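Next come two complexes, and both contain chain A; in the first it sits with chain B, in the second with chain C.
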Partner chain A sequence: MSDFPAVNSASVVAEAAFAEHMASWPRMPAWLAEAKREARKRFAELTMPTRKQEAWRFATVSNLSCDGFTLARGEASLAASVEPVVTCGGCLDFADDFHAGGKPLDPELAEKGVIFLPLDAALRAYPEFVRKYLFGHMPNLGSEKFEALHMAMFRSGVFLYVPKNVEVTLPLAALHEAVRPNAGLFPHTLVVADENSSVTLVEVFRSRDANLAHFACAASDLVALPGARISRRLIQSWSDSSLAFHLGSSTADRDSSIDSISLHLGGGHVRAEEHGRIVGRGGNVQMHSLAVATGSREIDQRTLQTHLACDGKSDLLYKNVLTDKARTIFAGLIRVDELAQRTDAYQTNRNLLLSPDAEASSLPGLEILANDVKCSHGMTTGQLDADQMFYLLSRGIPRKEAEKLMVFGFFEEVLSRMGNEELSAYAGGLLEKRMGAAG
Partner chain B sequence: MSCELPNSQEALAKDAQAKALDIERNVGNFRYDTSYDLDAGKGLSEKTIDFICNAKKEPDWIRDFRKKALKIFNEKHMPGEWASADLKNIDFDRISYYMAKGRQTRSWEEVPEEVKKTFERLGVPEKERAFLAGVEAQFDSESSYSNMKEDLAKQGVIFVTSSEGLMKYPEIFRPWFGKVIPIGDNKFSALNSAVFSGGSFIYIPKGVKLKQPLQAYFRINAEEMGQFERTLIIADEGAEMMYMEGCTAPQYETSSLHSAVVELVALKGAKIQYVTVQNWSSNVFNLVTKRGMAMEDAQIRWIDCNIGSRLTMKYPAVVLRGEGARGEVLSIALAHDGQHQDTGSKMIHVADRTTSNIISKSISIGKGRATYRGMVSIPSHLKHCKNNTECDALLINDNSRTDTYPAIVVKGEGNSVQHEASVSKVSEEQIFYMRQRGIPEAEAMSLAVNGFVNDLVREFPMEYSVELRRLIDLEMEGSVG
Partner chain C sequence: MSLEIKNLSVSIGEKPILKDFCLTVPKGQVHAIMGPNGTGKSTLAKALAGHPDYTVNAGEALLDGQNLIGMEADAIARAGLFMAFQYPMEVPGVSIANFIRAALVARLKEGENFSATGYYKDLYAKMDELKMPREFTSRAINVGFSGGEKKRCEILQMAMLKPSYAILDETDSGLDIDALRIVAEGVEHMRGPEIGMVVITHYQRLLNYIKPDVVHVMYGGRIVKSGGPELALDLEERGYGWVEKEFEKVV
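Now for the complex of A and B:
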């Protein structure tokens, strides 16, 4: 797609790009401008990651250069009218970080006080309210420099607030598309679910043209207040030449639960960080991920489950399929504070190697400071099971078909937790396409 | 090595090798002039190295080796952010790197009460107690060892100190020395390479299968228990052997840094088992590098039990270099108040069809902290390698701590690994069941903990496993309630 010629300008990490970003946001609240300037300063001060740092062990840090990516300048003309991927109660469509359309929030929900707005609009409409939660939590799992960049450069994203006792039955959706060549995006997602409310947010991140390179530094902050339930689905298919950061945080208060599923299908180099915190008694955080690493893709996943309160639960399941020369790194830690007695925490990482040149690294970790806990982690890396293959072959199923069945069996464990058939089918279709392309 | 000894025990030694052994055992008493300054003093410099080389009358290649190591030690950084911050408290300038006289001794009265109590409970013989407590510099085990020594010599087995090995058997010693663990492997292996003294050199000839384990215990002397032991064991093709070091009794040490290097070489089809049981006093930094190299169809098995110390960092490794080689680590760690057991294992696969197995169990009592740290690596050109890792941690008190930090990298065809770790406390149902049958709570806890490590303890030689169980009972005392 050559409708959008690349704009010659400074790299997204340059001071000039920051100045341009600040100038392009008229009437930015003073506190936000101040926070952004501080973040910019922090970004400049922090050094680029090196492999010697534990948080970047095994990662190809030379992939992290942002040179050549320029500030996304989204505008109305970039809008593409697409149907949301699921039947939803409202959808926000972004093109190059610009709110370019979508489906308005169900008026019934709006009446109940649900706020579902582009983040910049929310900042205009409810500045003090958004301020209270904005940048409350970042994952802090090694990408602090890029967190600072995100904070300095973010322009929009999703703001979702669900008031007390409101249950949003249909999912809400958002589409973040990178459009122009070399565009650098900073989508921010902030979800606050007030006491005893519930909501599901489906977010799709993708490059509109798979042949263009993009840079995405996305961050999300999910906050579940006592008794609330948040489900978040993230489906990412950036182009193969893209560099992407997905920095996620989930914070569960008393008796609340947050369940997230991330599907990583694209990107050239993807750094995914996810930090689940249990801050109130009985909080429950579920973190799932399915990554398809094809070609020479590198998917670098760092997770942390922090238990700060007692009776909490957390469960993590990260599954990776690797083909060709792809690499995946899973580094996960469960940290149980001294006070977090009666914690149940689990962590599982499974890597399926479909090529002898693919490489899966795994660093599952535990730090347990309380004794009355049930914690475990498990990881496996291996090939398709030979006995299972034999079984299928002996029943006359061609090898190719058998392989496909077994790989989809591997996916199923995560797909079945989607909790939405439409979405599972959509994700399954994307996976099939992805695996087909991998041969 | 030709000085004659007035000792009448020498009558028993019939061949030169055995004779050499006895001479070596008496090093602290006879080899050096008393007019000589026997202590290299504190701090580490080229002068220290020269002092050690002169005192030990070492050949020049060792002097060069030590000096090179010193240079690397000075250049090398301390372990990175992953390691315990407590390492910063080691003051290298305040350590004595070589004492020809061996350990300093003290009077029985100076030995702490709890150490004496432990000896009592473990049933350590009177003679050994004095040695272990540091009252005697030497432990005479001549009577138990002499028969075995003869038998070994007949089979061509070499079992001497590393100092003797490098001087008397350079043609066997030198090709492997520092090859499994290069000087610059880490800061502490460099330190050991610069100042090592003591430790064993063992060579088992082709096809010789030793029925009895070789024990460092048999030939403990001043040097043997040195701070910077260096052990090299070579099992020639098809040979089989088991080596045992340490004991369950606490060793009360005046020196605070122990940094040993142990290299094992198992040639084609050879089997080596290396058993360690250590129980350091809680002022000791125990920073050890242990690695074995297993050639075609060879097997190396580390059986490791770590108790006590302020900080232990020990990750026995096996480099699986020949096709069909097997590596195994079985490890038990027990961390009490103020102790940090940072142990684990490394399995480096570099040949096809190699397999490895790691089983680690740790127990944290009081404010003790047990850490498992592991590395399993299977690179891309390999086929059909397997690794299995299991780490289980038991936390006794509500302020006990455990960590697990494995790293697993897998590439290649038909390779598979699995890793599992779990953390739990002693089950209340178990305790309830035992109490209901009239077993006091403390005893029930001990039983439960012994049950937790039971399948590993069984792998230890008989006398160790009995002592180990008693020791666990002892460590558990006062930890309940």
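Now for the complex of A and C:
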């Protein structure tokens, strides 16, 4: 059991929890309070998803009840002193949505104008600046009700701004930990990379105690202004009894690039939405994901690559490994506006089934209005290849070991894009642990 | 000490391929098996390696007295039999270095530790012999390899795993003359009293570089003729037509 007692409070979806949240945030800017109240109203108005909706096809919508979860009330006492997972130029550690520690931003970066703060602190220090970007984009891929809940209830998260022409060489990191039993978290991530800047943000989302249940409704908004480069790495290992939403948006302006890699290793039910938008000529969005679905986990992935400008590029690769009775759903769409000529857009979903009881659904799609484009989508679902297996066995490698090599071979395509050896090793270790626990 | 194959009968599905096949390869010797296409040469190789698609209906294959028939493919390999494949499989995402390391780790005896430094030293030395660049170690097994690179990679694995017997299945197929020479040199380099080898080939040209002690001619699922290296030259000159004529009745 957790060292921290549960907080007796209303469910995160109750009006009382919203009132409590608003009361707990002194001197909230009026515009934010207004936005939150509107979001709360929207949440109440929107209906719960049903399987009849295209955006929820195949999903087990009965898993989506958040009734048992209460508003996370992080405080300093929840802090855990942990080393960042990578050598970084700064780290923000959150415990139950409370900024509880970390590593201060490298003063050299601060001097160059880089802002890397907990979102609530950024709202205090730079209210008008944050306002300009806050909630600029949401994925809008079916979880609008939960986006509204997120907006109404968020209280902190990561705010990262990189000024023009500043290249941040070391990654910046954030740790979002769920600590108290049944805590409901709403971490928000807002990254704005100004013209010709570059930055990498590594975010770890996890339950401190794997035996506790948590609710996370996380949203991220990555904005690359002309010529900027953003890399984002998301490593998620919520506990097996947790319900999690990861709602991601990447918006690439002219000649900018955003490269996101998400690793989903935990959670009982995970809904991951990712929307990449190319809004400026030559923008480039890379969306990669690796999910390990073990036990009776369900990982529900919805993606959209929207091309609104010409000469853009987007590449999506989602790979899922399933064991036991796990389920994954991938539904992805490439949408190319008629103005977005000379678009290059690719979408690939690969599912590896390691158990006859596991089930992977794949719904790829294209919607192309321009006439001069290169677009393709592909999907495969299968078991370990028998000929490859025989080849490894024929060298004396025992079957279990050969399986492991092949599964890691499947991961490699995504892991090799991490661009950081320390992070690859960390992720590899988590994957090994996760696969070791699989049946 | 020998690899002794006694009255081996093998089928694929309902179709019998090897019929009463017999062959003895003493350790330290190199034997060549030649024969027309479809005569069962590759079936012999795959069946001995424990491929699940091949059913052994009768017979034994004794590796220094240990019967390999019925053993799992990985156990056969660890018992000391190596198979160089005609068409080595591509295994995406698994690097050559990790692959060979896993194969060596599987051979450690209890209480033995794996030495990473010793491993790389050995690996690099053998790669140099085979004229393979260092970056090969981080490439995924056979993915995007040329025909020559694939075969060199097979020989590298053989050199690293030090089997007591090896079967090289059509190692010459798809190789240009330079690659053929490098592969043959690699095989010749390994040759010695510690290993017995069976070289399966359709063409004589490989035997210009690897000198067999004994040449066997296979036809209709069994060996129909055995002789010295001159038999290979004879086959080259006369083709396989006469084999078919002469042994059709016997088979």
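In this text, the second predicted complex is superposed on the first by the 437 of 439 C-alpha atoms of A that agree within 3 Å, B and C clash if a C-alpha of one lies under 4 Å from a C-alpha of the other, contacts with A are read in each partner's own complex, and residues count from 1 in each chain.
We adopt the following convention: a contact is a pair of C-beta atoms (placed from the backbone, for glycine too) under 8 Å apart; a residue touches a chain by one contact, two chains touch by 3 or more.
This one's a predicted model, so the numbers in the text were calculated from it and none came from an experiment.
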Taking the superposition as given, does A:96 touch the first partner, chain B, the second, chain C, both, or neither?
neither
### Message
Once chain A of both complexes is superposed, is A:391 in touch with chain B (first), chain C (second), both, or neither?
### Response
second
Quick one: is A:259 in contact with chain B, with chain C, with both, or with neither? Answer first, second, both or neither. neither
In this superposition, the partner of chain A with more touched residues, chain B or chain C, is B
What is the contact status of A:382 with respect to chain B (first) and chain C (second): first, second, both, or neither?
first
- Message: Quick check on the superposed pair: does A:412 touch chain B, chain C, both, or neither? Answer first, second, both or neither.
- Response: second
Give one of first, second, both or neither to describe whether A:401 is in contact with chain B, with chain C, with both, or with none.
second
Residue overlap on chain A between the chain B interface and the chain C interface none
In the complex, the residues of chain C that touch chain A are 49-52, 72-74, 76-78, 83, 85, 88-94, 98-100, 102-103, 106-107, 140-141, 157, 161
In the complex, the residues of chain A that touch chain C are 386-388, 390-399, 401-402, 405-406, 408-413
Per the touch rule, the chain B residues reaching chain A in their complex are 80-82, 380, 383, 393, 395-425
Contacts from chain A onto chain B in the complex sit at residues 52-54, 57-58, 338, 341, 351, 353, 356-383
